[in-house]
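Structures are listed in the sections that come next.
Across the two complexes that follow, subunit A remains constant while its partner is subunit B and subsequently subunit C.
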Partner chain A sequence: MAFGDLFFVFGFLPVCLLLYILTPGRFSNVLLLLCSLLFFAWGTPEYLVLMLCALAFNYAAGRELAALRDSGKKVLSGAVFATSVLADLALLGYWKYAGFVLETVNAVFGTSFAARELPLPVGLSFFTFSLISYLADIRRGRTDGSKDPLTFSLYVTFFPKLASGPIVPYPEMEAQFAHHPFSWRRFGAGARCFLIGLSKKILLANTLGTTFYALSALPPESLTAAFAWLCALSYALMLYFDFSGYSDMAVGLAGMFGFQLPKNFDYPYLSRSVSEFWRRWHITLGAWFREYVYIPLGGSRVHPFRIFLNLMAVWLLTGLWHGAGLTFLLWGIYHGLLVVLEKLVLKGVLETIPNAVRVVLTFLLVVIGWVFFFSATPAEAFTRLSRMFFLGGVADGAAAYYALGALRPLLLGAAAALPVGARLGRELARRGQPWTLLSIFYFAALLLLCVAGMMNDTYSSFLYAQF
Partner chain B sequence: MEQPNRPRRAAPSVRNAPAPAAPRPQPRPVRDARETRKQARLRALQRQSVWTGAFFLAAILTLAAVSLALPDRDFSPAENRRLKQFPVFSVSSLLNGSYFNDWNSYAAEQFAGRDRWITLDLAFRRLLGAKEANGVLLCRDGYLMEPPAAPDTAALEKSRDAINAFAARHPELSVSMAVVPNAAAILTDRLPENVPLRDQLADISAFASGLEGVQFLDVSPALLAHSGEPLYYKTDHHWTTYGARIAFEAIAPALGIDGAAMGYDTYAVSADFEGTLAAKSGCHDTLDVIEIAVPRTDVLFYRADEGDPARLATLYDDASLSGNDKYAVFLGGNAPRTDITTTAGTGRTLLLFKDSYANCFVQFLYPYFDRIILIDPRYYYASADDVLRRESVTDVLFLYNANTFFTDRSLSEVLAP
Partner chain C sequence: MKSKLILLEALRWVSASLAVLFILFLLGSTPDPEIPFETVEQAALARLDLSETQPGDATMLRRLYGLSASDFAGMTLYYPASNMGAKELLVLKLADESQADTVEAAIRARLQTQRDSFDGYGAEQFALLTDHAVVEIRGVYVLFAVCENEQAVRESFLNAL
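On to the complex of A and B.
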């Protein structure tokens, strides 16, 4: 069940909301936990037991860690911590990376191990990272963890953030579990955020996706430069609206239930450097890697060569986190090298370049990175890149057809990727009456178009009389 | 409701007012005015939030309630398929996940006003410049067309070899073949500008050049010469009776028929035909007219579908006109084998291997043959040689449209010795 499904918006969500409004405050966490577990089980109910086991194990590990930490048993607490984190990583590894590892082993040693094709548990990459951060935060004394297993379970499975984040460290949410009263103001702000996210996903990402999937289906060798760029640009915008839309919906949903989640995107395509891009794109993932990998490895307070190694380790892992495959690894290395370049070599040089130039340059570098991200194989990525740099002609009639078709979605997307719209909306809303009414009409129009778009996703005609 | 100085919400104003919590010792008019304005704006913003929230909740509850209250539909004429019914709970459907999936489908398919939402979405996407919907090209003058299919090379070679071998096995027969190009290859001036499509006419020529001992009847030049006229339905993938007639008159001499001499009475039998492409694209803003052409001839006939004892003195099936697939008015749709026996007295029997394009072509052929045996290899499982052993066939015609033929795998099976 995705936030962009009709069933979620018009079935699951209203039922949860009504129950939440009607349930007395002291039972609201239990209700949210039940909703979240149902959300998790939707689609892959067989993993519910797995989830409950992971919750029980990590809850116990957290309690144990807190106790050992407080009694000063460093070695033992280190052992408990390492074992539990390894267990969580094993969970992630088994479901997400076993296929990739076996494939690599097969390729290197000529063996033929067959990987089992298992469906991924909902939000696996996200909730395992939440679990690891929870344990690490207890170990470092940032929190005592949760004494209440229900609260702990809700922290891990809270359905607005379960499937695709944001990844929130436990201390940031701890107080909210005790106090998250329903208020119409918060609910409204959440609904607004949700509608904007839904529109990003359905109206922009899906429309750009149509262009992207049409273009990416063409053989990469035959691409002209115009084609290859069109393809990469539509992907860059599609991915942004897809993911930032999803994050907005998550923040909005949490808001409706009285929770405040951190924002995950901050107009990343306006970044002036790749390092800045990573502080504005999937913010909570970048923060997680900084907090739980980079800084524990020594961060920036070590020898430049160690900094280099630390940065590369972080970006290798970032690449792998996004997908089990060679292309994601290359994408991670590419970003790692760019960040290293900025941090260690170009220090001081970047500042001398005008901001506008830096923004454009960073955007182009990021778009080139996405080519690795969406290509099926490294070879395909390099073919695409060579075509982007004019090794296959500039343009042809077909490029004109697709460019014309993609023009309006791209322009609309480019406009929506800038902060002007949101700023304008806030400014107008502050002016009072007539604008309030107008904004309601605006959101009504968005909802109308989103329902239409969601409906079309399920449209399929059965052609029994096909010829 | 408005308590703007509560610490939680005072946070954003910290930048402008360094010490908001401190009680102000003296009244400071300028600052107060600013504060009031800021408070007013904050209130407006909060009011907007409350209204947005109320609207959102009302909207989703209303739509959900209306969808639940409205009776469920069994069948969607627009999509030409059965719709999901209320999910039935069972332990096994719960465990394999299908129960939850059923809910997803049920919510979407029984949503209030589903067809209208689809229309709205298509309008929105066209506004954004979409030239295709669900794989259907949105063309000028309300035409919907399918892009020419890429030939399935292996299957096509198999069909060609089977046809050549069949012709070689039966040198006594006069064997002809016509592959009819689809709308996108003929009505090119109605296509979206620059749309990259396969050159279907080239694909047809390439195929024709591989035929041996078979007379290839090229209908493309005649259709191209009339490309301004309604040769194909706007909302369906078939050609019209008019298109079939143009093709018939072009190839009749090669079939040994003086087809141009015949006059026809044409009748419009349906004016609200919405074909498969309307269903596939979701674009429902055009209706087609179905015409039939009745030859002015004294030749009588009856038709019999295999396995059906009925002898019908008509090529048309009135009942189909009130159904969803109105093109089935021709021969009642695709039967595995249909025999037409006439009083033509020409001494010729035609064995016609065909797809649905031939269904509206037969009305032009029947006055010239004593017997026509139509075989649709997609549904016919006996062998063609068997038919030849039992019937005194003189002529064989393969009549297909390119999109079907280029991906067909059934003809070679039927032709196998």
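On to the complex of A and C.
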């Protein structure tokens, strides 16, 4: 079940909301937990056993860590923390990396081990990171964790953030579990946010997806520069609207139930450097790596060579988190090197470049990175990159034909990636009633268009759900 | 304090052991991905009357299901030879099991489209689509069949795994 399904929008969500409104406040967390477990188990009910084991394991580990920390038993606390994190990572590792590891072993040693793959549990990468941050925060004394197993379970499985984040540390949600009253004002704001996200997914990402999948089906060797760039640009915009659309929906859904989740995107394609891009794209994942990997490794307060190693470690892990494959590793290394270059080499130089030039350069560098991200193999990625840099000619008649077809979704996507629409909306809301009425019509029209889109489309899952 | 810690440690070990046992159980009940696609394909085709159908290629898979053949490790499609036909067979070998949800949703959408086409128009075809359609996903293998003896096709498919 995905947020963009008709069943979710007109079945699961309204029933959950209705029950939530009717349920007395003291039982609302229990209801939300049941809804979340149902959401998790929808496609693969057998995984409920696995989730319950993970919850019991980490709840016990959290309570143990808090008790050992308070009694000053550092060695024992370290052992519990290390074994618990290893167990969580083993779960993630088995599902995401066993196939990749065996493939690599087979390629290196000429063996023929076969991985028996199981479907990926919903949100595995995301809830594993929530669990690790929960244990780390208890160990560091940022929180005592939850004494109530139901609250802890709701923190991990809360369905608006379960499948693809945002990844929220427990201390940021702790107070909300005790108090998240339903209010129509919050509900309205949440519904608006959800609808904006749904529109990004159905009207923009899926339309750009049609362009991207048509272009990416052409053999990479036959591409001219115009084709190769069109393909990469349509992917860049599709991925942005797909994931930022999902994140808006998650934030909106949480708002409808009285919770506040942090935003995950802040117009990343307007960034003036790659480092800034990563503070505006998938913000909560970047924050997680900074907080739980980069800073514990020493962060930026160490020798420049150690900074280089720390940054590369973070970016290798970021690449691997997105997928088990050489292309993701290369993508991680590419971004790591760019960030290192900005932090250690170009520090003073970047400020001298005009902002508009920096935005364009950053955007182009990010688009080049996405080529590794969407290519099936490193060889394909390098072929595509060579074509983008004119090794297959500049353009041909077919490219012009495709470009004309792709122009409308690309221009629409580019316009929607700017903050103009949101600013206009805020300005109109400030001006009062006639504009409020207009906005009601606007959102009603969006909903109708989305429903039409959902009915016409064959199923289209969220791209980040596979990471 | 000490007894509480022992209890929590026990809970950790029990839940971790249960998770491992559960994964082993799941692995035991998942078909071997090394079974050749041809074996599974032939098993499904053996029980199917192919009259009134025609073989489909990647373009037809895209047109009828919105799926891209290059995403899969194997594909066989037979679709109705005429507008008044409803008999259909699709056998897929997924590249990995994470594709299962997407594929199942695409098959359900195709089935619904076909039902809508014949609803109130072709009673025989509507009945075939309603009462004799089967969707089976086992590991990386997917079967979708619409035919009079759909259960025989299903059994043959499952026996091959």
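What we mean here is this: the second predicted complex is superposed on the first by the 457 of 467 C-alpha atoms of A that agree within 3 Å, B and C clash if a C-alpha of one lies under 4 Å from a C-alpha of the other, contacts with A are read in each partner's own complex, and residues count from 1 in each chain.
We adopt the following convention: a residue touches a chain if its C-beta (ideal position, glycine included) is under 8 Å from a C-beta of that chain, and two chains touch if they have at least 3 such contacts.
Keep in mind that this is a model prediction, so the values were computed, not measured.
Model built by superposing both complexes on subunit A: subunit B and subunit C clash.
Applying the stated contact rule after C-alpha superposition, one finds that A:Gly190 touches subunit B and leaves subunit C untouched.
By the document's definition of touching, of the two partners only subunit C reaches A:Ala54; subunit B does not. Once the two complexes are laid over each other on the shared chain, residue contacts for A:Glu46 go to subunit B and to subunit C alike. Of the two partner chains, subunit C is the only one touched by A:Arg63; subunit B is not.
The partner that reaches more residues of subunit A, of the two candidates subunit B and subunit C, is B.
With both structures placed on the common chain, the touch criterion links A:Leu120 to subunit C but leaves subunit B unconnected. Contact with subunit B, but none with subunit C, is seen for A:Arg431 once the two complexes are overlaid on the shared chain. When the shared chain is aligned, subunit B comes close enough to touch A:Ile440, but subunit C does not.
Once the complexes are superposed on chain A, the part of subunit C occupying the same space as subunit B corresponds, among 94-102, 112-120 or 148-156, to 112-120.
Looking at subunit A, you'll find residues 5, 43, 46, 457-459, 461, 466 touch subunit B in one structure and subunit C in the other.
Of all residues in subunit C, those touching subunit A in their complex are 1, 4-5, 8-9, 11-12, 14-16, 18-19, 22-23, 26-27, 30, 32-34, 65-68, 70, 96-98, 100-102, 105-106, 109-110, 139-140.
Per the touch definition, subunit A reaches subunit B in the complex via residues 1, 5-7, 9-11, 13-14, 17-18, 41-46, 184-192, 194-195, 203, 207, 210, 214, 256, 397-398, 400-401, 404-409, 412, 426, 429-433, 435-436, 439-440, 443-444, 447-449, 451-467.
Residues 1, 40-42, 44-57, 59-61, 63-64, 67, 78-82, 94-95, 97, 100-101, 103-109, 111, 114, 117-118, 120-122, 124-125, 127-132, 134, 192-196, 237, 276, 279-280, 282, 325, 327-328, 333, 355-357, 401, 403-404 of subunit B are the ones touching subunit A in the complex.
The part of subunit A that touches subunit C in the complex is made up of residues 5, 43, 46, 49-50, 53-54, 56-57, 59-61, 63-64, 67-68, 71, 80, 84, 87, 91, 94, 99, 114-120, 213, 217, 457-459, 461, 466.
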